[in-house]
Structure formats: C-alpha cells, structure tokens
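To start, the structure under review is shown below, and the notes come after it.
Chain nomenclature is as follows: A, B, C and D, assigned in order of appearance, with residue numbering initiated at 1 for each chain independently.
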Amino acid sequence: MKTVSVCGVYPPIPTPFEESGALALGRLAENLSKWNETPLAGYVVLGSNGESVHIKEEERARIIAAARKAIPSDKLLIVGTGAHSTEVATQRTKAAANLGAEVALVLTPHYYKAQMTAEALRRHYLALADASTIPLLLYQVPRFTGLELPVDTIIELAQHPNIVGIKDSAGNLGRLGEMIRRAPSGFSVLAGSGSFFYPALTLGAAGGVLAVANLLPEECCQIYRGLQEGRYAEGRELQLKIIAVNDAVTTRFGVPGLKAALDLLGYYGGPPRSPLAYPSPQEVAEIQKVLHEAVSTPTAY
Amino acid sequence: MKTVSVCGVYPPIPTPFEESGALALGRLAENLSKWNETPLAGYVVLGSNGESVHIKEEERARIIAAARKAIPSDKLLIVGTGAHSTEVATQRTKAAANLGAEVALVLTPHYYKAQMTAEALRRHYLALADASTIPLLLYQVPRFTGLELPVDTIIELAQHPNIVGIKDSAGNLGRLGEMIRRAPSGFSVLAGSGSFFYPALTLGAAGGVLAVANLLPEECCQIYRGLQEGRYAEGRELQLKIIAVNDAVTTRFGVPGLKAALDLLGYYGGPPRSPLAYPSPQEVAEIQKVLHEAVSTPTAY
Amino acid sequence: MKTVSVCGVYPPIPTPFEESGALALGRLAENLSKWNETPLAGYVVLGSNGESVHIKEEERARIIAAARKAIPSDKLLIVGTGAHSTEVATQRTKAAANLGAEVALVLTPHYYKAQMTAEALRRHYLALADASTIPLLLYQVPRFTGLELPVDTIIELAQHPNIVGIKDSAGNLGRLGEMIRRAPSGFSVLAGSGSFFYPALTLGAAGGVLAVANLLPEECCQIYRGLQEGRYAEGRELQLKIIAVNDAVTTRFGVPGLKAALDLLGYYGGPPRSPLAYPSPQEVAEIQKVLHEAVSTPTAY
Amino acid sequence: MKTVSVCGVYPPIPTPFEESGALALGRLAENLSKWNETPLAGYVVLGSNGESVHIKEEERARIIAAARKAIPSDKLLIVGTGAHSTEVATQRTKAAANLGAEVALVLTPHYYKAQMTAEALRRHYLALADASTIPLLLYQVPRFTGLELPVDTIIELAQHPNIVGIKDSAGNLGRLGEMIRRAPSGFSVLAGSGSFFYPALTLGAAGGVLAVANLLPEECCQIYRGLQEGRYAEGRELQLKIIAVNDAVTTRFGVPGLKAALDLLGYYGGPPRSPLAYPSPQEVAEIQKVLHEAVSTPTAY
C-alpha cells in the first residue's frame, strides 16, 4: 500500500531570479497564485526546470519555504532532492520534508555512469527510501543524465512502500508500458514530458510532470480529466496542440525558452543563471509564434 | 492525393531458410497461407525482419515472386527496396513493382552518416519517388542505422504524391505526433514497432508494421479495429499483453528470436543466416515462457 | 606465423565514376600510375572510401581487375570484401582472391547491432578465415557502423594464422595499445585514420590505411619511414600538418571532400554516387584552403 | 604569456573517507607524504577521482587546506572547482585560491547539454577567467559529462592570459593534435587519461593528469622525462605496461577500483561514498592480478 497517490498534472516550476541572479521569491509566489487557480494537482519545485543544479545548498530551504507558503493544502508539493551521493540526497530529502514537502523527486545519480549498475542504483534508492519520512518518486531523464534505470530495477524498487512512483522522461513507451504492466497497484508512472503525455495516459500512466503545464495548465489538465471520462478524441487533439509548444520549451530552447514563454504569457520568467542565457529577440519571436499558434488554434471541445 | 492508403496491421515477415541456408520458399507460402486467414492488411517482404541485408540480389526476385503468388489481392504486398545508393534503390523498386509489389518500403541510406544531411536524404527520396511506378513508404529505424530523418524533411517529402507514408521505428512519440499533426491528409504514419503500437494509434497513426504481428496477428488487428470503434480500454489491455512478446522478438533476441517464436507457434521459423544464430535451448525456453504468459493471460474482451 | 606482413602506408582509394555514374576505370588506372611513383606500400580497393556500399555486385570484379592490372607486384592489393552475411563475405573474398587480391579487408557486420555479440563476430570471422585462400584484415569503423570489436575478441581472432591484422578506425589509443601489447607477433595493427597515424606508430602500429594518403602520400610515407629510423620530431611535425587535411576529407566533407581534393591536386576525383553529392563551390574553396596551408607550410625536414 | 606553465605528471588524487563516510584527512596527508618522494609535478585535488560530486560544499575547504599543508612548494596544487553555474564555479575558484590552490581545474558545465553551445561555454569560461586570481585549466571528460568542447572554442579560450591549458580526457588524438597545433605558445594540453598518455606526449602534449599516476607515479614520470630526453622506445614500453592498470582503475572499476588498488599498494584507499561501493573480493583479486602483472613485468630500462 502506498501512502500517497501521485496522479494528475504537475508543472516542474522554474525558479525565478532577479536580473542580478538573486532569488526572486516574490515572483515565485505570484506565479503560484496564478497557477493555483487552475486544476493542477500540485507542483514540482527544484526539478530540472527549476535549475536545481544552479541552486546553492543554502538557497534550497528558502525556495521550498516560499513555495510551501504559496501552495494551498489541496495541491501537492513535490520537491527535487536528488544528488550524486546517497548521503546528500538523504539530507536534502529530510530537509525538504521538514519544510513541508509532501513527496521527494529523486533524480538518478549519474556522474560515474559506468559504475551506476542496477545494484548501485538499487542501493541508493533503498537507503533513501528507508531513511525518508516522505514518499519518493524515482526520476530518470537520460537527455540530461545519459542514464536510464533498468525496468527490472524500477519494478523491484516499486515494491518498497515508500517509493510511490516514477517520473519517466525517457519517453520509451514500450518500457513505460512494461512499468505499468508489472508495477504493483498504487505505483504511479508519470510522463516526464508533454511530448508523450496523452499516449502515456492511454497506456495507464497516472499523470504527468510536464514543463508545458507551466504554460498551458488548462489544456494539460483537460487531457488528463478528459481521458478519465473517456474523451479520447479530445485528448488527442489537445495533445497535438501542446506538442509544438512543448518542443520549443524543452529540446529547442530549454529552460531559457520556458522562462521567455512565461514572460510572454503574463507570468514572471526572468533570466536563467549563467551559463544559460535568455533567448535572443529572434528566438523570443519564434517562441511567441509557437505559443500563438497553439493558443489560437480552435479546438472542437 | 495519395494513390494508395496504407493502414492497418502489417507483419514484416521473416525470410525462411533451409538448414543449408538456401531459400525455403515453400515454407514462405505455408506461413502466408496461415496469416492469410487473419485480418492482417498485408505484408512487408524483405524488410529488416526479412534479413534483407543477408539476401543476395538474385534471390530478391524469387522471394518477391513467391510472396506475390501466396498473397491474395485483398492484402497489400509491401516490399523493402532500400539501398545505400539511389540508383540501386531505384532498380530494386522498379524490379519489385514488376513482380507485383504494390508499395515500396525504403530504408534511409545511412553508411556515410555525417553526409546524410537533410539535403542528401531529400535528394535520395525525391529521385526515387519520381522514378518509381509504385508509391513509397519512408522507413527509419535508428536502432539499426544510427540515423533519423528530421521531421521537417519528412513533412516536405510527404507533399510528394508518390510518397504515401512512413514506417517509424524510432518510437519518439513527440516527433511521431508532429508528423501526424503536420503531414498532409492521406499520408500514413505507421508505428514501426509493437512496443508503441497502441499509443501511436491513439495519436492518429494509420496502423503499424510490427514484428510481433507475425506471432499475434489477431491481437494486433484487434487493437487496430478496436480503436477505430472506440474500444480504448481493450486496446490498452492488449497492448500491455503484446509488449513483452514484442520485446523478446526485437531488442532481446532479434530476428533469431522471432524465428524461434514462429517455430514454437506452428509456423516455420528456421535458422537465420550467419552471423546470426538460432537461439540456444535456454533462450528458446525463455521465449516460450514469454509467449505462454501472453497467450494464456485472459483478456476481458 | 602469418603468411603476409601488412605494414607501411595504404590509401583506401576512391572509386572513380563518370558524370553519368558509370565506372571510370581508365581514371582509376591513371590515378594508380601516379601513386605508383610514391613509396606507398599498396592500396585498399573497395573500402569505405571506395564507396563499396554504392558498388553493385557485378561491378566489383571489374574494379578489382582494373586495379590489379594497374598495380605493380611490389605493391600490395588489399580488397574490401565485408558483407552483413558470412556467406556473401566469403564469396566476395574468394572472388577477390581469384582476381589477384592479396589480402581481404573485412568490415564488421553491423546491421543487427544488438545481436552482433562477441560470439557472433567470432563465428563470422573464423568461418571466413577458414574458407579464404588469402589472409584477412579485420576492419572496424564505429563512425559508420556504430559497432566496435571487443579487444578480447580481436586477440582471440589474431591467433588464427589467416587473420593477419586489423584496420582500426575507432581511434581509441588505449584499446589500440592493448591490441599491440597482447596480439601475437606478426599481427599488424594499422591506424585506420590519419588523425592518429603518428601516435599509433609511436605505440607500435605496423602502418596505416589512411584516406589522407591519397592526397599526401609522400608525407604519410615519410612519417612511417622516419619513425623506423628514429626521427620522431619530424614525424610529429608532419602529423600536425596532415591532421587538418585529414579532418576535411573524412569527418567534415567525407568521400565527396576526398574526391574534390583529388581533383584539386591533379588526380581524378569526380562525382560520388547519389545520395552523396560533390561539394559546393564554397566547400571546394574551403578544401583548397586547407590543402594549400598544408602543402605550403615549410617543414624543417 | 601564461603566468604558470603546467607540465609533467599530476595524479588526480582520491579523497579518503573513513568507513563511516567521514573525511579521513590524516590519510590524505599520509598518502601525499609518500607521493611527495616521487618526481610527480603536483596534484589535482577534488577532481573526478576525488569524488568531487560526493563532497559537500563545507568539506571542500577542509580538504584543500589539508592538501595544501601536505604539499611542498615545489609541487603544484591544482584544485577542481567546476560547477554547473558560473557563479558557483567562480566562488569555488576564489575560495580555492584563498586556501593556496595555484591552478583551478574547471570541468565543463553539462547538465543542460542541448543549451551548452559554444557561446554558452565561452561565456562560462571567460567570466571565470576574468574573475579568478589564479589561472585556469579547462577540463573535458565526455565519459562522465556527455559533452566535448569544440576545438575552435578551446583555441579561442586559449588566447585568454588566465587560461593556461586543458585536461583532455576525451582521448581523440586528432582533436588533441589540432589543439597542440593551433593553441598559442604556453598553453598546456594535458592528457586526461593514462590510456593515451605516451601517444599524446609524442604529439606535443605538455604532460598528463592521470589516475594511474596515483599507483605508478615513477613509471608515469619516467615516460614523461624519457620523452624529453628522446627515449621513445622506453616510453612506448612503459606505456604498454600502464595501459592495463589504467583500464582497471578507470573504465572497468572506476574510483572504487582506484581506491582498492591504493590499498593493495600500501597507500590508503578506503571506501568510496555511496552509491559507489568498494569492489567485491573477486574484483579486488582481479585488480591485484593486473597490478602484479604490470609491476612484475621486467622493462629493458
């Protein structure tokens, strides 16, 4: 039995910075107050889109606390707590729990790739799951890490009562289907990218952690709710609509693209931290065009 | 307007050999006569699963002719005619057409990967499409070739009246969705692997060319027909059933695994050509176990 | 004991075509007559730079015969005979031997990568080595094939009296050093690219099969002879000279670049076969600049 | 003009831990006192082999200070200070300089790979070079990061007076040769792995940062000195000797293998931090065998 059921749509929110690079926590609260009015099931803070690798250890607590304050109790607060060492991942997870995180999203360690065997990854996650007071989501994103968890290892970890799901950004629908087929009941397989959100849902995914949900939260939630109510054709149409936006704010322009798109839509995006740079005016125009096309395309529903 | 609409389920059939390595064309006819009793929409002959790279030029005509004879007119005969050189691909396509092939499946050239730019691939396919009397399906399978067609190139090629679709074995559902969204009406996007067949159909794919359809033709066709009639839950359940079988006969054991599975199911599989080798008894037992689980799992439908 | 010792410098020569795409065998003879006046140890015909994947089976014999006629007996004729199937590789090797080839260069089969285990590759090469009347060179080029022979397999194959060496285009000097350290005496490890020719020689490589040796045969041979006589500083200086040319005619512009460079230097390059295309005028100008710099840089020797 | 010339052999030293995982700084001093008696030119602290990704920010200063105290003034102290964000890399570099580091080794940022364009990498390194009071070495290791600096970018950065060299663990000798040919005088290209140390030196590399130099410092230094004095044959023989050891403590068993090998040789290796784990008894036996073979092989010199 899992203690928490993670389902629905979660945006991995960007961390807002001032032009100086300092944290802009007021902006974080403003963004959240807008998203709070949508049917999003919750938020991922300090994930890849939150530039977790650019955040200093002492800034983590401030960001989590600010998010906690701005997130109502009916929305789930998931915090990214992964680290290359088991000890640091454990410390981050405990600290996040103390600050009100309800679930920890734990990226695979991946620097010493050749040594990240199934055994090493199992050791890492089991130690963490035993030590943590809050449940864990596994998190794999080979585009950034060059590493994918073996399906057998995922299934083995899924037996642990404190491991409640996986954010899978690999996008291999065959393996994702195997996870769904073999995982115990209550283990949530979440699509880690908008590019395959609807197809993953049709296979039985429990929801998604989607960068594009920062920009099009209503559409993403509509896909999710629609499928639960059997509206497949609607889901398909919306999926085709969000794909191009998703592509622009992930593979093509990355986190800087996501921040520029937020600025265009009335949220606060602001600058990423160096060496990332805000998109050029020409790139912003491209992003605007993609957003405009998606938003203005009439849907039958 | 496309001259042919390629939709439904097509197995890429293996080429049967005697123990000596000689063509076993009688066995080919026997297998086809069994598959002909299923709702398969047609067949792919001389594709990757047909060991096309192991077939001598002079054997091609004999195989195509034998297949043509054994395939009724209500099932489509698709023949793999790709080659590294445009001229050879053109010759093979013309020869196949003369022997009764209705559609040519054209693998990307891929040896000189660094030179296979969008421009080179466009040149290759447009020359072929102009020269061919039968319509073409593009075919990409990065697992074997290390190469993927850019989506923009696919969309551009899709405008040609003689290019009627693509067999996409890459399995990136985001890009597959983009193809479906942007391609002109009548252009068929076909799932190139059973691992993502149902998710691709939910996005609007026109069908699939699936190794697993050699083994479980009824199930694959049921997924396809079911979706057309809105039976999503059934499709999902069947998809989860075929995934493990698909995995065994593609990534894990490859063409030799597919041949062993055919032998286990009462078809003729027989030996692959060297350096491929028939699976060991232990591997055959594993394949049998996977098949047994899939076939014996009761489905609600 | 190996029957043939393969050492020194060998250019993998391009196959000349008319503008129509037809074989230009007179041009082949003319090029060879020029190269024959240099200290090159021999030639590789029908290798990757010979566009072997663009050559029809019936053209192979004509090319080999033309080369044989134009190559004097004191220079070695090596012919590329690799194929995906063991049987075809064997037939090509026998046919080449009958036409006067002295050594066969055998590319790794590589289409079904997941099944190309150490065992499959061993089976392929041992069957071929047993069947062939002429000695074999192994040939690996992961840039084109996505596949590398395990060092243990190379060492095992090196025990066969009819396997006399390897053309290694992978360029991992650690593994190349291991081959040299562990292979039996008489087994020739040949650098497969000019980019690491001199470093490979300093480690004990027996020579090189170098695209750049088509263009700068004297310089390549001088590196080789110089090292035998202990002139390391000269070798180093010449190596730095050939690197940029090598890069232009391999990774950057590939076989079309090599052909354009030959045209610029008074040899016959001519068009590659489609989908490869002759470099644009701007690219030819770049190649000319690189050649000019290399040729005009004074060397201290 | 570069302010510091980095040449010779540098081991990237492991960080010793107690069984509890706590820093074992006394052990660090003991190891250094042994290495200090060899001709090593200096040390790299907090590099990949120092498990930098497992070290907490507050532990960094303690490790650097302990190393500084144990390293005599005639040996160079190089400290790894790379980070994903430019600001953190800058802070780490300044802190290291304050603690007595003489050179900073700066790993490429690499998490957001698609956004790590030549422009982003240039921005990162130039900002750091301007801000740092000590000179920088670039550091690329695609085996861990999945990312390689373009040669053009390296050459551009090499013009900065405060960027004095590169540790190149990519091992592409063609690109390494290009760096040597094109970089301004005084810019040190250092081999980043023992697998290609001697070949790199023959091309003109200024030295090496070699994991294997922790274990075989005399042999590595002998290769370096020997080449300066023209003893190529000796260098070659020693290189073939260190390759197998190098392979065992890098690709095969990684940092845990290096630590086990140190334990076997009378240094303190000790446990790595989780999820890395000490090699199994069987693996230790394999490492011992490899060490024994290398140490017991008589060399002619």
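Quick notes
Going forward, a residue touches a chain if its C-beta (ideal position, glycine included) is under 8 Å from a C-beta of that chain, and two chains touch if they have at least 3 such contacts.
Computed from a predicted model, the values in this text were never measured in an experiment.
On a Cα centroid basis, the chain most remote from chain A in this structure is C. At the chain A-chain D interface, residue numbers used by both copies make up over half of all numbers present, so the two copies contact each other through mostly the same positions.
If you average the CA atoms of chain B and of chain C, the two centres end up 35 Å from each other.
Rounded to a whole number, the gap between the C-alpha centres of chain B and chain D is 49 angstrom. In chain D, no residue touches two or more other chains. Interchain contacts close the chains into one ring where each touches exactly two others, per the touch definition above. Interchain contacts (touch definition given at top) occur between A-B, A-D, B-C, C-D.
The part of chain C that touches chain D in the complex is made up of residues 171-175, 177-178, 180-181, 193-196, 198-200, 202-204, 230, 232, 235-236, 239-240, 243-244, 246-247. On the side of chain C, the complex with chain B involves touching residues 21, 48, 53-54, 56-57, 84-88, 109, 111-116, 119-121, 123-124, 127, 143-144, 146, 251-256, 273-277.
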